[in-house]
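What follows is subunit A paired twice: with subunit B in the first complex and subunit C in the second.
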Partner chain A sequence: MVEPAIKIEDLSYIYSPETAFAYQALSNINLTIQGETITAVIGHTGSGKSTLMQLVDGLLIPTNGSITVGKVKVTPNSSKEDFAQLRNHVGFVFQFPESQLFADSVIQDVMFGPLNLGMSENAARRNAKEALERLSFPTNLYERSPFELSGGQMRRVAIAGVLAMDPKILILDEPTAGLDPNGRKELMQLVQQLHEEGKTIILITHQMEQVAEYADQVVALSHGQVAFNGSPHELFDDQSRLQKIGLVAPQTVRFAQKLQEQGVHITKLPMNVDELAEEIIKVKKGMTGYGK
Partner chain B sequence: MGNKVIFGIYVPTNSIIHRLDPRLKFMVCFWYVILVFFANSVLTNIWLGLVLLIFMRLSKVSTKMYWSGIKTLMWVIIVTALVQLFFSAGGHTYWQWHFLSITSAGIVQSIYLILRFAYIITISTVLTVTTTTLQLADAIEHLMKPLKYIKVPVNQIAMMLSIALRFIPTIMSEVQTIMNAQRARGMDFSQGNLFQRAKKLVPVMIPLFVSSFKRAEELAIAMEARGYDPNRERTKYRVLTWQSRDTYALLLVVLISIILFALKIVF
Partner chain C sequence: MAIVEVKGVSYTYPGSNEPTLNDITVSFPTKEWTTIIGHNGSGKSTLARLIDELIPTSAGEIIVDGVPVDAEHVGDVHQKIGFVFQNPENQFVGTTVEDDVAFGLENHQVPRDKMQFRIKQALNDVNMLEFAKKEPAQLSGGQKQRVAIAGILSLRPKILIFDEATSMLDPQARLNIIQLLKKLKVEKGFTIIAISHDPAEAVAGDNVVILDHGKIMASGKTTDILTNHDLMNRYNLGLPFTEQLKAKLKAKGIPSPEVYLDEEQMIQWLSQQ
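Now for the complex of A and B:
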């Protein structure tokens, strides 16, 4: 049994407290994220997704409550070192991470994280190369300036920069935003692969197709509160709740629901195209069986 | 933004000062700074301080905001006051060591200096907490209009100014995001000596410059796509109108100034 990787208790966060601009971004969040799973975090812009993730990465100090990652627990009174520890456990790929590149060459930029963790030059270089290879980044571009690369390549370098730190938990904030269909597919395959290798993955996304296809657990945030926490199946099965949160089920689910409305018997909500095809085949077989 | 009270940021309390014409507020702020340099006696300083306190109360903005402004520049004030204290001559000498000395004139001068700093910072804070940056830009543009006759490109300068002001919060939040991204990559900004800390700014400044240039280019294209021509006369969406309360406020400031000069001459 895998222990919970992240445990969040009664967590609240207020931006600029005690000023005219005070803003409660999160209130009373209680969440458990199991290790070695993919958790999708969804919700509208401003629902508190990014704030929650920054808290998990120890970038913000909670106003109330606690966060436990592995054996490290932080509360509003924790020391700086505790928050730094949190950051060592968690890798965070920000939205549009290519905007954080700064070094003279690709390889040096990827080595930045490992070196900050106190690795030796050689170990950092090894990690960096491994990470770049995982993202199938062309070897002949390692010494190139990151600013001469295309947008998609820059994204890979930035993600490699986080992977090179070899975090147990990886947070990805809309990693596929702005990528072409191929880039999107490759990146999601990598996410799947990392998950199979035992990493805990938290994926912030607006793409319900990604949620359905990859996530083990879905957390929907709305106005800084947890509006739903469960499996993608449960989420997409309840249309009235979906509507209340303001979400639309993925196309495969909607397709199956349309079929159901027409009286076709679907046993299991299909989370991707393959599953949908299987369901249809099952129904078809059933029908020909009837004919005989 | 973060958790800090950012000094001088607009606070929407909709007080009487908020509703005054930004041109008036800008000119009064400027005039007050000039007056501060005329105040060189106990009474005139008390008078200016009293006036400032009334402004602060009228603005309905918490004293904490004003205090944070002075706190930010505290070191500058202290260092300047110490220089004034140790290097002035005149009056009774209390203490002397080589070229350093503390004299009665020096003490008085450094107290006035501290007050001047505090007054100037606070009056500027009164202006910025009660006036949005857009209003300020409008006011400056208006006040610069006469310069058109000596061929100063007032329209362009005003556009530059309002764009610059408009992007300050954007860039601030960008700095925050980039810093967070680098902190997530294991960077610790709070450790190391001055030189090490300066070096740590590189991973923040370079991405910031890159994105700022990119943003400037995109903005320029977007403006041209919408037909912006820097040489054309522009009309205003927000028209500044001088109201009777602005006239009363102006008269009040004239009265304040007369009292100040009277105090200076009579005592």
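Now for the complex of A and C:
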């Protein structure tokens, strides 16, 4: 049995408290994320997703409640060291991480994180190389300035920088945003591979197609509260709840539902285009109720 | 009539051996929406930046609404073009949402009484009016992008260039923006140039230009380009949703119409079978 990787209890967060700009981003969040799973965190813009993830990474101090990652628990009164501990367990790949590249060469940029954790030059270099290889990053570009790379390559360097620190938990905030279809596919394959290697993955995404295809668990936030916590199938099956949270089902699900309204009898919610085509073919060939 | 003409344009980044754009000739019809698609590194963002004189053209000629794009006319060109970038983080200058939109208007010396109206209208267009008094730190990336678009709309340019600008929005907001752009194009006569690698976004436009390795590989009506699976696959562009479904069905022995069908049309066709 895999232990819960993250436990969040009665967590609240207020930006700029006691000022005219005070803004309650999260209220009373209770949540458990199991180890070695892919959890999608979704919600409308401004629902509190990014705030929650920054709290999990120890980048913000909770206003109330607690976060437990492995053996580390932080509360509003925790010390700086505790928050630093949290960051050691959690790797955070931000939106457009390539905007944070800074070093003179690719390899130095990727080594920065491990060096910062106190690793020796040699160990940091080894970790950096491993991380870059994992991302199939061309070796002849290791000494290049990261700023001479294409957007997709820069993205991979930035992700390698996080992987090189070998975190147990990896948070990826919209990792495929701005990538072309090929780049998107490659990146999601990488996420899948890291998951199979035993990492706990948290995927912040707007892409319901990704949720349907990859997530084991999905947490939907709405106005700073947990509006749903369960499987993708459960989430997309309930149209009225989806609407209430302000989410749109994946294209395949919506398409299947519209077909149903037109009297085409679809038996199973399709989570991708292949499944949708199969459902349509079943109907066409009059073979309803026929398993996959 | 083309409002933007690009003639024989090449561009090589300083220090690079290979040209990013290689002898590009293309035109963008007035009051139409043209999407430039191509994968990362194909040169599409470079082309957009050359059109807006954000980087100087080294070879060839670009004409925007009758004005040559060069150092002498950079002010005129910027009046005519509103450019929305991919990353909203780099575009926020105000301390509140309404200040951010006001910034551009102040730069263009719009009188104060008109300013208030234009700010409200622009924020309303992008569904951000209720956030007018918020600080940027309180906004998500998608919300910031909507504010950036409002800032551009408030300046009322003739041509809007979107460089992957909706890639950070959630699906509903993205759809809203695309609907809004369609409406602005029809009602206010904007010319839209959208840079995207996502064929699903190209669906909303009139024309598509495919760029690969700095060269134009195809250009034409959206419906003609997107239904050409060989062409789209050759440049690794992926297919819009209904075309993906058509391809899967065809592979399993169910042929569907050759012409482009949007979702509604596809559902109609399937339910009538």
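Simple rule for what comes next: the second predicted complex is superposed on the first by the 261 of 292 C-alpha atoms of A that agree within 3 Å, B and C clash if a C-alpha of one lies under 4 Å from a C-alpha of the other, contacts with A are read in each partner's own complex, and residues count from 1 in each chain.
By our rule, contacts are C-beta pairs under 8 Å (C-beta built on N, C-alpha and C of every residue); 3 or more make two chains touch, one makes a residue touch a chain.
Note that the coordinates shown come from a computational prediction; the quantities given were computed from them, not determined experimentally.
Contact comparison for subunit A: of subunit B and subunit C, C touches the greater number of residues.
In the superposition on chain A, A:Tyr142 makes contact with neither subunit B nor subunit C.
Of the two partner chains, subunit B is the only one touched by A:Phe102; subunit C is not. In the superposed model, A:Tyr15 lies in contact with both subunit B and subunit C.
Of the two partner chains placed by the overlay, only subunit C lies in contact with A:Ile281; subunit B stays clear of it.
Of the two partner chains placed around the shared chain by superposition, subunit B is the only one that A:Gly113 touches, whereas subunit C remains out of contact. When both complexes are aligned on chain A by C-alpha atoms, subunit A residues 15-16, 21, 99 touch subunit B in the first and subunit C in the second.
Within the complex formed with subunit B, the residues of subunit A that make contact are 15-17, 19-21, 54, 57, 59, 80, 84, 87-88, 90-92, 94, 97, 99-103, 112-114, 116-117, 147, 161-162, 165.
Taken in their complex, subunit A has these residues touching subunit C: 15-16, 21, 23, 25, 44-46, 49-50, 95-96, 99, 148, 150-152, 174, 177-183, 206-208, 246-248, 251, 255, 258-259, 262-264, 273-274, 276-277, 280-281, 284.
Within the complex formed with subunit A, the residues of subunit C that make contact are 15-16, 38-41, 86-87, 89-90, 134-135, 137-143, 164, 167-173, 175, 197-198, 236-238, 241, 244-245, 248-249, 252, 254, 263, 266-268, 270-271, 273.
Of all the residues in subunit B, the ones that touch subunit A in their complex are 1-3, 5, 11-13, 177-178, 180-188, 190, 202-204, 206-207, 210-211.
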